[in-house]
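What follows are several structures.
Presented sequentially are two complexes of chain A, the first with chain B as partner and the second with chain C.
Presenting the complex of A and B:
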C-alpha cells in the first residue's frame, strides 16, 4: 500500500510547517509550546478518534512525565536523555495501572473514571514532601548548559511532534490501525474477525500516555519549575479537546489545523483576558453544531481529501 | 468438522443451555429452531466465545477451542453474522472485509485485495466496495455481515436470524447467498422464517428451555408433534383427547 503518491503531500506539509516553526518566530518559546501541545492533541486523537476511548484525564500523564523528569535530574545525576527515558517509563507504567483499574469501564464511565484518577494523582502529589508538596519543585539546573538550553528544548519539542505525527500515520496504515478502527466501530464484531480488541486499545492508550508524558517532561524542563496545580491542570486536557474537536476528531489533519487555530486565537486575544476564552467557547460550539466532525472532517466528508491518506485502496 | 460436546451455560445457577451436543460437517447446514428464550443465541455465544462455557467442549477438527478467547476462535475458523448487523460504519465495505482477511488468514497487499474481491463477489457486493458501510441499506448490510463472517477464513459459519426484517424477495436472495457459502463450511443457522430454513438446511435441531429436544431431517422435525406443541403451546395428547 506504500506509494510515493500517498506520502508526498504529508511530507510536504510537515516540511513546510517545520520550516515555519524554525524561521518565522523571533524566539523559540511559542513554537516549542505549539509543537508540544500538537503532539499531545494528535496522540489523544489516536485514542479518541481511532480507538474510540474518550479520555478526560490525559493531564495526569503530562504532570507525571514532568515530575519523572524533575525527580530523575534532581536525585540521580543521570543525563537529560535518561530523565526523558524516565518520563517515558512513568508514562507506560501509569497507563498500564490505569488500564488495569479502568478495564471494565466503557464510554462515559471510562471518561469520568480516568478524570477521577487524574484528580487523585494531582491531590496526592500535593501531599508528597519529596516533590515539595503543593509548593512544587525547582529543576536542579546546575548541570544544564544554559546557553543552548532554549534551542535544545525547541529541537526536542520538534522531534516529538514530528515523531508523533509520523508514528500515528504509520500505525493507522498498518494492519493494527485497521483493527483499531474496527474496534472503535464495534468491538464485539472486531473480535469476531480475529482482532484482539483489548490489546489494540491498550496499545493506543499507552502510546497516547507516553507522548503526553514526554511532552510534559519537555515542557516543564523548559520552565525549570513544576507544581501539582499547573502540571495536573485540567486545562491541558481542555486545550487538547478543543483542538481535536474543532480540527476534526478521527482525522490526521484535524489536530494540525486545530493547533494552529488555537494558538492563532490565543495570540490574537493576548492581553484581552477572558475574550480569548469566550471566543474559544463560541467557536467550539459553532463547529460542534455546524460541523460535528470538525473543520477538516467537514472538508473530508465533502471532498474525500486526505493529506495523510489512511484509506485502503480497493484495486 | 464441528463437534459440540455437552456444552452448558448457567446464569444465576439456572441452565440456559444444558448439555447440548451437536455435530456439523463441512458443507452441511444445520437449522436451529426453538421459541424465544430457548437458548439459541446463547449457544452461538458459547461457540464463538462471547460467553464462557460452564461445561462441555467445542471441537473444531479435533482441537478443543472451547476455552479460547473470542478473537482466537475467529482465527481458528469460527465466523459469525449477527441478528442486528454490526458493520464497521466508519470503514468502507472493502475495508470491513479487508480487516478480517488481514487478521484471519493474515493476507497482505495484492493477495488480500484479491481475496476481498472474491468474497464481495460471492455475497454480491462488488459494486459497493468503496461505499462507507454505515451508508448501506439493510439488505446490503446483511450481505456485508455474511462477507465479514467468512472473511476470517471461517470453516464454521454461525448465522443468527439473518433473514429478519427483509422483504420476501430479499429473503430469497439471502438464501441463495447462504447456499453459495455452504461448500467447505459447517453452517449453523438460527431462523424463525421457516421456509428459509427448509430451503437451505440439511438438518434441523430444536432447542427448548436450553435443551436439545429434537434433531433430524427438516421435514419430519418441522411437522413433528413435539415442534407443533412447543410452537403452538398446545399439548398434543390433550388436543387429541378433547
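Presenting the complex of A and C:
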C-alpha cells in the first residue's frame, strides 16, 4: 500500500530543489549541468549501490549518447525529439552488447572489463572519419531555434533529472527493487526464493546506460560541439563516482547531496584543476576509510531518516 | 620495421607487460584487493627513476634498486594504513579507495611534472644494437627483457621456496588457517602489497627507459595489467608471462600498422579472447568433429 506519508517528504524536497534550480542566480548553463550530472550519478547509484555492479566505464554511454544525437541531427534532418530517441536507442544497444560481452565477468572483472570497452569506443571514434575522427564534429544548428535554445536545453535537463529520481524511487519500491536489494544483501537466499539476479542486474545496467546516454545527448546538444577526448573522458566517470560515494552509495538521497557538494567544491576550486581532482580523490578515499556508506548513509545509520523510503512498513 | 622485428620487439616489451599483470594478480590473488592505482604506481616508478637519474650521478641499475625499495615501502604503507581496513568479502570499498588514490597520484604528478610527454635519456647505451638473424635488436631492450625474465623466476622461487612466499600462497587459499599457524595476516598482506607495487614500479621504470610516458599513462598500463591477468589466469606465473608476451606482440605489431591508435589493437585482442572463451570452443570443435 503506497501511503501519502511515504511520498510527501520526497515530493517536497524535489519541489524545493526544482525551484532552486529555476531561480539559481546564474545563466541556465550551470543548473543544466548540475541536473545532468545528478541524473547520471543517480542512475549509476542504482547500478552500484543496489545492483552491486561497480562500473568504471559509464563515460562510454555519455559519449555515445552525444554522438548519436549529433549524427541524427546532422545526417537525417529529423526533429530533436527523434535525435534524443536515437541517444536512448544507442544507449540500449550499447548496454546490451556490453552485457553480452561481460556476462561472465564478476566484481572487479566487470569494473575493469567495461573500462576496456569504453577505451575501445573512445579510440575507435578517434579513428572514424564520419564523426570527424579526433578533431570532433559541430552540430548542424541551422534548424534549431537559437532564441529559445538555452531555455529548452535547461527544461530537458530538468525533466531528465526528475524522471530519473522518480523512476529509481518507483523501481526500488516495486517487486523488481525488492529483488535487487535481496540479491545485493544475500544472493544465495534471494536466488532460493526465485529472484532472477541476472535479469534484474541487466535491467539496472540498461537503465543506467540510457540515462547517461540521454544526459550526454542533452549536454553536448547545449555545447554544439563534440570530440572523442572530451565525450569519452574518464572525468565523467570520476565525477559520477565522487558524487555517489561522498553522498552515500545505495541511498536515494546520497546523489542529491553529493551533487551539491561536488558543484560547491568546483566553484571553490575554480581554475585549479589538479587540486580539485586531488581533493575529490582524497575525499573518496577518506569516505571509504571512515564512513563507507557516505555522508547520507552515516546520517541514516544514526537517525533512520529516509526522505525517499524504499522500505515497506507494517501498520 | 619489418614484421619479424616488430614481433621480436613486442616480445621484449611483453616481458614487462607480464610483470605489470603479475603485480596486479599477486594483490588480487592473495588479499582480493584490485588495486586500481596499480597503473599509477607503474608511472610513478618511471617519474621517480627519471628524477633520481636527473639529480644524482647514480647509474641505472642502482636507480632501479632505489625505485624498488621506495616502491616496496609505498605498497607496504598503503596496505598497512589503508587497505587492511577494507579487505573483506566485498571488493568494492578497496576498489573505490584505490581509485581515489589513483586520482591523487595522477594529478599530483601533473601538478609537479606537468603533462608533457617524457622520455628517459641514459646516454649512448640506448643506441647500441646487435644483429641477430638479419634483424637489428637493441642491447638495452634485450637486457631489459632478460631482467624481466629474471624477475619472474625470482618471484617463482620466492613463492615456492621461502616462508614468506608460502605464507602468501596460504593466505590466498585460507587466511584463517594461516593465522592459526602464528602468522599475522595483516603483515603478510602488507608484504605482499609491497612486492606487488615493487614489480609495478620497476617494470614501469624499465618500460620508461625504452618508450615515452606521461602522468596519464597509468590508465593504459592498468588496463594492460588487467588484460594480462584475465588472459593468463590468476595464480599462474607462466600464464602471466605468456599473456604479457602476447599483448606486447599485439601492441607493437599494431602500432607498426597504424601508429595513431595507441592500445586499440591490444584491447580488441582482449575482447576477441573474451568472445572466444564464451563461445565454448571445445564444445564447438567436438560437435564439428562428429
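As a working rule, the second predicted complex is superposed on the first by the 309 of 315 C-alpha atoms of A that agree within 3 Å, B and C clash if a C-alpha of one lies under 4 Å from a C-alpha of the other, contacts with A are read in each partner's own complex, and residues count from 1 in each chain.
Methods note: contacts are C-beta pairs under 8 Å (C-beta built on N, C-alpha and C of every residue); 3 or more make two chains touch, one makes a residue touch a chain.
Please read these numbers as outputs of a predicted model, since none were measured by experiment.
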Chain C versus chain B on the shared chain A, clash or fit after superposition: fit
Between chain B and chain C, whom does A:179 touch in the aligned arrangement: first, second, both, or neither? first
I'd like to know which partner A:288 touches here: chain B for first, chain C for second, both or neither. second
With both complexes superposed on chain A, which partner does A:108 reach: first (chain B), second (chain C), both or neither? second
Is A:120 touching anything from chain B or chain C once the two structures are fitted on A? First, second, both or neither. second
Mind telling me which of the two, chain B or chain C, contacts the most residues of chain A? C
Just to be sure I read the superposition right, which of the two partners does A:234 touch: chain B = first, chain C = second, or both, or neither? second
Partner chain(s) touched by A:212 [first = chain B, second = chain C, both, neither]: neither
Tell me the contact category for A:62 with respect to chain B and chain C: first, second, both or neither. neither
Between chain B (first) and chain C (second), which does A:243 come into contact with in this model arrangement: first, second, both, or neither? neither
Lowest inter-chain C-alpha distance for chain C and chain B in the superposed arrangement, angstrom: 12
Once the two structures are superposed, pull the chain A residues common to the chain B and chain C interfaces. none
Spell out the part of chain B that touches chain A in their complex, as residue ranges. 48-50, 69-72, 74-75, 79-80, 82, 86-92, 94-96, 98-100, 102-104, 108-109, 113, 129-130, 148-149, 151-152
Can you check the complex and tell me which residues of chain A touch chain B? 1, 175, 178-179, 181-182, 184-186, 188-197, 250, 311-315
Residues of chain C that touch chain A when the two form their complex: 28, 34, 36, 82, 85-86, 91-97, 99-104, 106-108, 110-111, 219-220, 222-223, 226-227, 230, 258, 260-264, 267-268, 270-271, 274-275, 277-278
Chain A - residues contacting chain C, complex: 48, 52, 54, 56, 101-105, 107-109, 111-113, 115-117, 119-120, 123-124, 126-127, 234, 238, 241, 245, 273-275, 277-278, 280-286, 288-289, 292
